[in-house]
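Each of the next two complexes has subunit A plus one other chain: subunit B in the first, subunit C in the second.
So, the complex of A and B:
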């Protein structure tokens, strides 16, 4: 991996050049309705950005999978139905100051979107986007990226990873896309810069590691064989089933597809975010619902993230960003819940018996 | 809170209830507690951080809670109004729940960050509370604290909305509702949204498109807030659940104020008091029907 030093001034020039070339630049900015809060939004200059201030309220997911998007337009004619497809090539954009957990979340969804079918809309946006992440120093008590195999210095999903050092950043050029972005910027990093960045990385990791120990590989198997464990009956008592967790989750990617009429003979097919935390998600046309209560719906959330997806793709479908816990009106805390389940999985079977 | 813990212990050990729904210290501040074992009753707390409306867990849609058996629920006066609403609307039986009211002096707006109750930190819904000792209760615990400070924020927001022209008000709500992603978290977290099939999910015909377009968002939030008229207890669970931070409580409060002006009714803590939605009065004004 190539490393390079980038001064504050060089970063500002890079942003200015991108904007001049009509590239959309997205960065964390102060939320309009609440300046205490930060969210990813398009910026007009580097000064608009609020880098390293606070964990953005929402993840990067909406820039690749919008809450609603048109898949096709249709029109009924006398002879049949005319279909008009939507463009799958997206205009170029750069995301600056992404959290490593948010970049990793996008990479996790890549696998699903290229599994049994290659999702052209998702990859149209992915290919047009360069993600420049920041070494994270914003962790709080709900963060657990290190427990899911990532970390505040993780470059998974990022094209460039910037680590703040004196006078600027140490830029790790992770992908050819990242190298292309910075080819005309920055200078060779000094030994001191490399050492400072490494120290910052270690410190950042230690802060998150306190929240939850690394989830052991056997956890996925334990979940799979404990589908009927009585723990599921009581684990989600305080869960309202609102699905706010799924909306905020960088890795939750389920969607619903609907046709909506716009006039007597014209309409659109859209896909909209959906969530396994609501009863409607699994409601059959017959009226039967295989996931009757929130106990079963929450079990699904845990099983999918920590067992089903890992069995398919070898990784956990969670980047440890903590948003689900931070926003939960019922006080469901994923690091605590996963910690308790892991402890059950690791507990020795009781001695004695018959 | 000792009297609360002792009462919960008694109710559980005597078998009066199977679960006491209250508050406990969680990994990140106060969280709802479901105490099924009398020995665990000492976990129960009550203080100014207890913002959640636990009546939401009596909503019959929370089947995971219902399966535990008969419940006692710890309520602030404002929350008791939601329990009264569920009884009034025949969602639960009065005899099916034990209501433990805690005398309340107001709760924090941001329990995550604040620790002291002042006119700036208190929830804007607490000022002038008339139900600090709600009529609906089986037990009432605690000493009556001083009256909650008055946070003028909500009254100022309502006044600002009133000053706007209809076009300005329309634009204000358009800007807010354009952020709605139609996750329906507001509905799911609401104690009073108990319909097994919401209008938003009716598809024959499709009254409201399920996509998050501005037009459908307007229809959805307008429909929801009108169904809440005179029923909403201003507990703000909807706002706490909203991942997009839309001021849904303000929208509901605006409608609640209109109900109060027109029908002289505020969501009552007495289930026997009929709500405007449930009664017909021959002398209701109907000047808007032409």
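So, the complex of A and C:
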């Protein structure tokens, strides 16, 4: 991985160049409706950005999988139906100041979107986007990225990772896309800069590590063999089934497909965010529902993130951002719940499911 | 290519099966796609009525008959009711084929017992015609089909055709109370019909499709007859949207019905979490 020093001034001129070239630049900004809150939004100048202020209230997911998007346009004609295709190529954009957990969330969904069938709508946006993350210093008591194999210094999903140092940033150029972005910017990093960045990384990691210990690899197998453990009945009692956790989650990617009329003869087929936490999600036309109660639906959420996805793709479908816990109206705290389940798994490693 | 983009198909024929179940014969608008389109028995697709949405059904016609596909559906939800309002010549969308299929190659040279209940005959029918179109490559063919009542039996024209054939053993059954005065088949539920009809499991595969309750009570009968768990095949269905392993709703524990299925052996089904 190439490393380079980037001064504050150089970052500002990079952003100015991108904006001048009509590249969309997205960064954390103060939310219009609530200046206490920060959200990822397109910026017009680097001064708009609120970098390193607060964890953005939503993840980066919406820039790759919009909450609603058109899959096709249709038109009824006298002789049949005409379909107008949507573009799968997206205009270039740079995301500046992403949290490493949000970048990692996007990388986790990549694997689903490329599983045998390649979702070109997703990858059209992925390929057009360069993600510049910041070494995270915003962790609170709910963060647990280090427990899921990531960390505040993790470069997973990022093209560039910037670590703040005196006078600017140490830039890790993670991918060829990242190298291309900073080709004409920055200078060789001094030993002092490298040492300062390393110290900052270590310190950041330690802060998160106290929240939840690393989830052991055996946890996935324990979950799979404890599908019928009575713990699922009690663990979900506080869950309202609102699905807010899924909307805020950087890795939740479930969607619905619906048609919408726009006039008598024309309309669109849309993909909308959906959540496994609602009863309708799995309801059959016959009235049969494989997941009838909230405990079954919450079990699905935990099983998918910590066992089902890991068994297919070798990692956890959670980047430890903590948004689900911070925003849950029922007080469902994922790190606490996972911590308890891990403790159960470790207490009885031989226990079967029945 | 946008993987959610459907092919356009025209309805060439409409066949009413029961009071609420209908079969559509569909042809690709683009003759090139019609010629190159291939699938295997057991695979499914996403059928759509533009403006109403998509719905998941198996392909009910056999892959040995090319140039068209058929689907059978019961008017239950928004899309199936809209499909029912369409006429011959109307356009529908189709994405597919998706999922795995029945192991036709593995079954060659063996006997097959087909067991179906209600509209569960649709996926089985694709295999039945596939086997009958290649009849010499298989040994004994037994079809056991039942429904709640005589009126609920689907593909009645074909049931008659199979009854006439000398190379098929057909057993029809209706639930007690579902018979008519002229009913000549069994008055029994499927597990009983299987007990009375199937003599041996030697060199035989069983394909079973129908309501979960029927499968639940028929599997022990097949096992008692000596069918090993990997010689009994069924198809599972779950609510689906994409059919491509992305939308996240058809999984049963770690198993995605759309990608790992819809065809499973009884042994595979037993190993799944009981959440279907």
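Heads up, the rule we're going with is that the second predicted complex is superposed on the first by the 347 of 354 C-alpha atoms of A that agree within 3 Å, B and C clash if a C-alpha of one lies under 4 Å from a C-alpha of the other, contacts with A are read in each partner's own complex, and residues count from 1 in each chain.
To be clear about the criterion, a residue touches a chain if its C-beta (ideal position, glycine included) is under 8 Å from a C-beta of that chain, and two chains touch if they have at least 3 such contacts.
Quantities reported herein were computed from a predicted structural model and do not represent experimental measurements.
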- Query: What is the contact status of A:115 with respect to subunit B (first) and subunit C (second): first, second, both, or neither?
  - Reply: second
- In the superposed arrangement, does A:198 touch subunit B (first), subunit C (second), both or neither? neither
- Check the residue A:276 against both partner chains and state whether it touches subunit B (first), subunit C (second), both, or neither. second
- Message: With both complexes overlaid on chain A, does A:327 touch subunit B (first), subunit C (second), both or neither?
- Response: first
- Kindly classify A:308 by the partners it touches after superposition: subunit B alone (first), subunit C alone (second), both, or neither? second
- Item | Partner chain in contact with A:258 - subunit B first, subunit C second, else both or neither | both
- Message: Taking the superposition on A as described, I'd like to know which of subunit B and subunit C A:236 touches: first, second, both or neither.
- Response: first
- Dual-contact residues of subunit A, meaning touching subunit B and subunit C, are 256, 258
- Query: Okay, in this complex, where on subunit A does subunit B touch?
  - Reply: 31, 33-34, 37, 57-58, 67-68, 141-142, 233-234, 236-244, 246-248, 256, 258, 260, 270, 272-273, 275, 278-280, 292-295, 325-327, 329-331, 333, 335-336
- Note: in the complex, subunit B contacts subunit A through residues 26-32, 34, 52, 56-57, 61-65, 67-68, 181-186, 188-189, 201, 206, 209-213, 237, 240-245, 247
- Residues of subunit A touching subunit C in the complex: 71-72, 74, 76, 80-81, 83, 85-86, 88, 112-113, 115-121, 224, 227-228, 253-259, 261, 267, 269, 271, 274, 276, 281-286, 288, 290-291, 296, 300, 303-304, 307-308, 311-312
- Message: Give the list of subunit C residues in touch with subunit A in this complex.
- Response: 1-6, 8, 10, 29, 48-54, 76-77, 80, 91, 93, 212, 237-239, 241-242, 244-249, 251-254, 259, 273-276
